[in-house]
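Report on the following structure.
Here the chain labels run A, B, C, D, E and F in written order, and each chain numbers its own residues starting at 1.
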Amino acid sequence: MEDSIRELWLSTGLANFRLGQILMMLVGGTLLFLAIRKKFEPLLLVPIGFGAILSNIPIAAMAGPEGLLGYVYAVGIETGVFPLLIFLGVGALTDFGALIANPKTILLGAAAQFGIFTTMIGALLLNAVPGFDFTLADAASIGIIGGADGPTAIFLATRLAPELLGAIAVAAYSYMALVPIIQPPIMRLLTTKKERAVVMQQMRPVSKLERILFPLTVLIVTALLLPTAVPLIGMLTFGNLLRECGVVERLNKAAQNEIINIVTIFLGLAVGSKLSADQFLRVETLGILVLGAIAFGIGTAAGVLMGKIMCWATGGKVNPLIGAAGVSAVPMAARVVNKVGQETDENNFLLMHAMGPNVAGVIGSAVAAGVLLALLGP
Amino acid sequence: MEDSIRELWLSTGLANFRLGQILMMLVGGTLLFLAIRKKFEPLLLVPIGFGAILSNIPIAAMAGPEGLLGYVYAVGIETGVFPLLIFLGVGALTDFGALIANPKTILLGAAAQFGIFTTMIGALLLNAVPGFDFTLADAASIGIIGGADGPTAIFLATRLAPELLGAIAVAAYSYMALVPIIQPPIMRLLTTKKERAVVMQQMRPVSKLERILFPLTVLIVTALLLPTAVPLIGMLTFGNLLRECGVVERLNKAAQNEIINIVTIFLGLAVGSKLSADQFLRVETLGILVLGAIAFGIGTAAGVLMGKIMCWATGGKVNPLIGAAGVSAVPMAARVVNKVGQETDENNFLLMHAMGPNVAGVIGSAVAAGVLLALLGP
Amino acid sequence: MEDSIRELWLSTGLANFRLGQILMMLVGGTLLFLAIRKKFEPLLLVPIGFGAILSNIPIAAMAGPEGLLGYVYAVGIETGVFPLLIFLGVGALTDFGALIANPKTILLGAAAQFGIFTTMIGALLLNAVPGFDFTLADAASIGIIGGADGPTAIFLATRLAPELLGAIAVAAYSYMALVPIIQPPIMRLLTTKKERAVVMQQMRPVSKLERILFPLTVLIVTALLLPTAVPLIGMLTFGNLLRECGVVERLNKAAQNEIINIVTIFLGLAVGSKLSADQFLRVETLGILVLGAIAFGIGTAAGVLMGKIMCWATGGKVNPLIGAAGVSAVPMAARVVNKVGQETDENNFLLMHAMGPNVAGVIGSAVAAGVLLALLGP
Amino acid sequence: MAELLEAGLIVTLVGLTVVFVMLTVLIFVIGTMSRLSRIIDVVVTAAPPASTARPATALRRADDDELAGVIGAAIAAHRRKR
Amino acid sequence: MAELLEAGLIVTLVGLTVVFVMLTVLIFVIGTMSRLSRIIDVVVTAAPPASTARPATALRRADDDELAGVIGAAIAAHRRKR
Amino acid sequence: MAELLEAGLIVTLVGLTVVFVMLTVLIFVIGTMSRLSRIIDVVVTAAPPASTARPATALRRADDDELAGVIGAAIAAHRRKR
């Protein structure tokens, strides 16, 4: 009897909670608050936040090798399968028409990747501060936050710096939600009122054949130049082909709905299960959060500056604001561009023009991830 | 040639069927009959019945380590993943409003768990009869049938008494279907006409914030007091948060439909694959069936008696009938309460009031399973 | 720096592509062209074609043991799980009413399996040509192409001749798409105008009980006579029971949509990943393609000839054309029958009558696969 | 190769026989099943409906029309009383 | 067997106690939660809305009404200019 | 640390170069693809439709409008005859 009670007491949370776990549950709760109340990327942050709470409950061991979250992590994240399936769904959900109509805007998606690499250097410089000891692979994984693409960040971090995955994923999705706050001041600072008022030409229509050939074209170029980016780009273009080919609506629907929804739930829980006290409650996490914000800022600035160059080179046909959409964070960043543009001229609708660099940014980050994998990967 | 024919004959069912397999296929057929003709929990009993037939066909070895059902069992049941995913879906499908509006009814959900523990004692007493030799873990798994919650029963039985899983799952779902037959006589026996006529006060509305905080509250209490119940309660509350938070409709829909439907098919088949002759055609199965019926009866009685106590304590504001809904079997048991109430006063609608103890019973059984896991688990 | 550039160059596709991979990517592109432009079974050939392209990109190793397609192949194809789940969906999608109303048409589904076995002999005879060296198991797997049933072909080939899987699956789906071109000349050649003009009696209605008992009947007969066909027939009949029993609409919908759609995407990718140069670019593939066409032709002819026998035996009540539908390729072959019939008498609607042999052909091929597994399986 | 071909012919012979035997058996069994089910339908339709148990479907919680109906009636009843 | 039964009785006693303790605690905690949330609702409704961040939902790309609206407006504006 | 930083700068240089080279190549290839597809569209539209094969989609059994149409016509025809 006494033994039973003792055993039971020892199996309560009260007898086993450590401070770190309680703090991490508060972190999880904060993520839920941001997701539900502030609408910060709720589709990801609700599962991530709940996963953080679940995995920090003592005794339950839900993130352990025999726990549900542990299984999901092993099957879906360690293998890289879940981020790739998300990319399949993103491909099926994305309309690349604006990019096909105006391929030059791809350059804006390239420029925004500056944020990734400068942040990587920033992470290495932070090693000068005592308490920081990032490897090159760690630094690259932190930099990828600036790609503003959750699945890409998770895919790369799992391969290069799995112990930082939790912090990186949280930073990536949080900052994606903060795009409407981070970007506008930078955009206003770097452009003149005249530039912001540039009205762009209407886009040409894109034929069905172009839409079908586009994913294959992107895949072939990637295959020839950077095969390490093929898993990400391959799934993105496969999803897009399912969308555009017009003969497999059943599969297109499955990729856009069932697959991406189911995978999002489990991806989120599994990422949340990596938010453990010993890996998250360290000064490095603070560094990652600061560097992530910098990455977004630099990416935005680089995009806008490239926009200014294109504005000058085309004799004022490109509104530099659309460069800010090159960080991706689809379709948030493109909406921010539209909004900032309307501050100057409320009849100037930049949204469609911003969609080109916006989706180019997805490809750009995947390419950057491919380079980093090629140079630093296992 | 002769060899080929001989080989072929030896690979027919005719040459290999054993009596036990034929009997088990009849058991499977009976389950299909009950499910399709009598509408006994068809969503589970159709797959379970068909799984029983498939797994008892000789040579095909579908329940073997390289057969489809064998794979599904290993991946989904042995790991505990499938019952937990069902709970995720149940959480997304369940409206806990009645319980939040009237939390005292949780006590009725607690009382109904009496059935679990007294049945456990009953199983141990049955050991006095020759042919029975239940361990304490076996007895606990049998008792959980009284929880009237399929996934909870499967989750616990897989952990404590995997060899009894088939019989326990069949008993649990069969008796859940028999709730409208088992409960009313007990309810009438234990209550006076005056008690059955008690009209309850209309419930207060429940705010959105309460609905959002409810799953988190339940999870935190469980984490503090009984972490071994966290897998079940955690998934239930996660599903409920997806439902109530209002910002992740995509994921809510996936949990309510795709995930629970797909998992139900495979869970049923895999549970059915454990209905093998050597494990099911024994006197112990008879014992399990008898004890399961007793468990339901005692649970109902305990719920009603606790209802009477609450009726007396509140000065007649609680209709004792709603205690019967505490066994869970959502929403069947609540409907039975409503029906029995209307026998006395046909304008007395108890359904909403019975939903409180009804969903509390789900939590109650999961808590009971957690205690049993803490005390008897591996 | 130089090292980095060198490393990067060595990791480009340009530095690593081999001729065979380029040719296989062209094969993949051809499949996509046939699927999208010519509408050849696009639901399968789009994923197979894309899978072929992805798996032949050097360095990316997507079909390798740690690549996405490699994982999918190991989990879904090697285990046989995916073809079985497709059969579950096909069962839920198929109306066996015509076959129940007129069970004699099953004979037409039996006759069409001639194609399987004669093609097997053809494959063995081809061994006389230098460069060919088919084993009996290889030959059987090639013959099954004549079954005109993709999942059956994939299931059998995975078990008997996994190295031929890619070519066999491609042939099976391509020829299924070519049914409207391959069959009509054979049908016209073997029948007289008078035979083609036979008008068949209206079918009797089929009761709900018959529809429910049908899948169970087929399963029991298979269990008694040919258990090696139970995995395929078992899943087909389970799906059909979900469809017909009327009490599990949720599960029926899941089998007809979510499950089959999701599995089709991954099955196609995984099959495509077996289209590697060293396995596909050999003279044997040419042989398989030629033999596959022959198999379809012989199956069609045997079906029509059996139709003629039935026409004669019933005193002209059976239109021999419907025998051609016995190859399965549901519902294409039945439509072809209807069309060819209308060439003679445009008011003669044979479609419903052809559905009987058409769905019987699915059962027939699964039975043939079961025999081959029993005689040649591991 | 002759050996292989012989084996192939045996497989063909045995295989086709099994396919035809099994599908022929199926024809008769399906016919019997149909006749049986017509008898059952007649017997059952004549007899009073055997099933008194109410449908029990644990998963239909969300889209449950009956539940909605009863709730609606309960609310209406309550309002009338006030 | 007496030993097993004794163990069973202990499990019953401890088990039922835990179930009741935990569910009773839950009653009080849920009550507190409800009161708290009413206070929060009052405070928040009184105060100006704290959230200025726009909704951010990366997955809603396809069925995005707002996007469609803006696009529609943009097209209309363009046509007017021509 | 200087070494690590140097490695980082190399990665940055190489990385940004690759990103820009690849995306620039993509600009040109997409442009070419667009021009090509306009030519194909013109050629194909001018020529008679090459595809004579009928759509073949094994999975569309359930929601098959055409099938339903043919069945409907067949039933109608039968009724007329009676």
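We adopt the following convention: contacts are C-beta pairs under 8 Å (C-beta built on N, C-alpha and C of every residue); 3 or more make two chains touch, one makes a residue touch a chain.
All values derive from a computational prediction rather than experimental measurement.
Chemist: What are the mutual neighbours of chain A and chain E in this structure?
Modeler: Looking at chain E and chain A together, the chains touching each of them are B.
Chemist: Would you mind checking the shortest number of contact hops between chain A and chain C?
Modeler: Each step joins two touching chains, and the minimum needed here is 1.
Chemist: Fewest touch steps from chain A to chain F?
Modeler: 1
Chemist: In terms of CA centroid distance, which chain is the most far removed from chain B?
Modeler: F
Chemist: Tell me, please, which chain's centre (mean of its C-alpha atoms) is farthest from the centre of chain A?
Modeler: Result for max centroid distance from chain A is chain D.
Chemist: Count the touching C-beta pairs: is B-E or C-F ahead?
Modeler: When the contacts at B-E and C-F are counted, B-E has more.
Chemist: Shared interface numbers for chain B and chain C above half of all numbers used, same, or below, different?
Modeler: Different: when the shared numbers are divided by all numbers used, the fraction is under half.
Chemist: Quick one: report the Å distance separating chain A from chain D, using the average Cα coordinate of each chain.
Modeler: 48
Chemist: Roughly how many whole angstrom separate the Cα centroids of chain C and chain D?
Modeler: Chain centres of chain C and chain D, defined by C-alpha means, are spaced 26 Å apart.
Chemist: Roughly how many whole angstrom separate the Cα centroids of chain E and chain F?
Modeler: Chain E and chain F have C-alpha centres separated by 40 Å.
Chemist: Touching at least two other chains at once: which residues of chain E meet that condition?
Modeler: Residues 11, 14, 18, 55, 57, 59 of chain E each touch two or more of the other chains.
Chemist: Could you list which residues of chain A touch at least two other chains?
Modeler: 4, 8, 39, 42-43, 225-226, 247, 250, 258, 264, 371, 375
Chemist: What is the complete set of touching chain pairs?
Modeler: A-B, A-C, A-E, A-F, B-C, B-D, B-E, C-D, C-F
Chemist: Enumerate the contact residues on chain C facing chain F in the complex.
Modeler: Of all residues in chain C, those touching chain F are 1, 4-5, 8, 37-44, 89-90, 93-94, 150, 176-181, 202, 256, 260, 264, 329-332, 335, 338, 347, 349, 351-352.
Chemist: Enumerate the contact residues on chain C facing chain D in the complex.
Modeler: 99-100, 103-104, 106-107, 109-110, 113-114, 116-118, 120-121, 124-125, 127-128, 135-136, 139-140, 207, 209-210, 213-214, 217-218, 220-222, 225-226, 247, 250, 360, 363-364, 367-368, 371-372, 375-376
Chemist: Where on chain F does chain A make contact in their complex?
Modeler: These residues of chain F touch chain A: 1, 4-5, 7-9, 11-12, 14-16, 18-27, 29-31, 33-34, 36-38, 40-41, 55, 57, 59-60.
Chemist: Touching chain C in the complex: which residues of chain A?
Modeler: The touching residues are 79-81, 84, 212, 216, 219, 223-228, 230-231, 234-235, 238, 241-242, 245-248, 250-251, 253-255, 258-259, 371, 374-375.
Chemist: Flag every residue of chain B that touches chain C in the complex, lowest number first.
Modeler: Within the complex, chain B touches chain C at residues 4, 7-8, 11-14, 16-17, 25, 29, 32, 35-36, 39, 42-43, 46-47, 50, 53-54, 57-60, 62, 66-68, 71, 257-258, 261-262, 264-265, 269.
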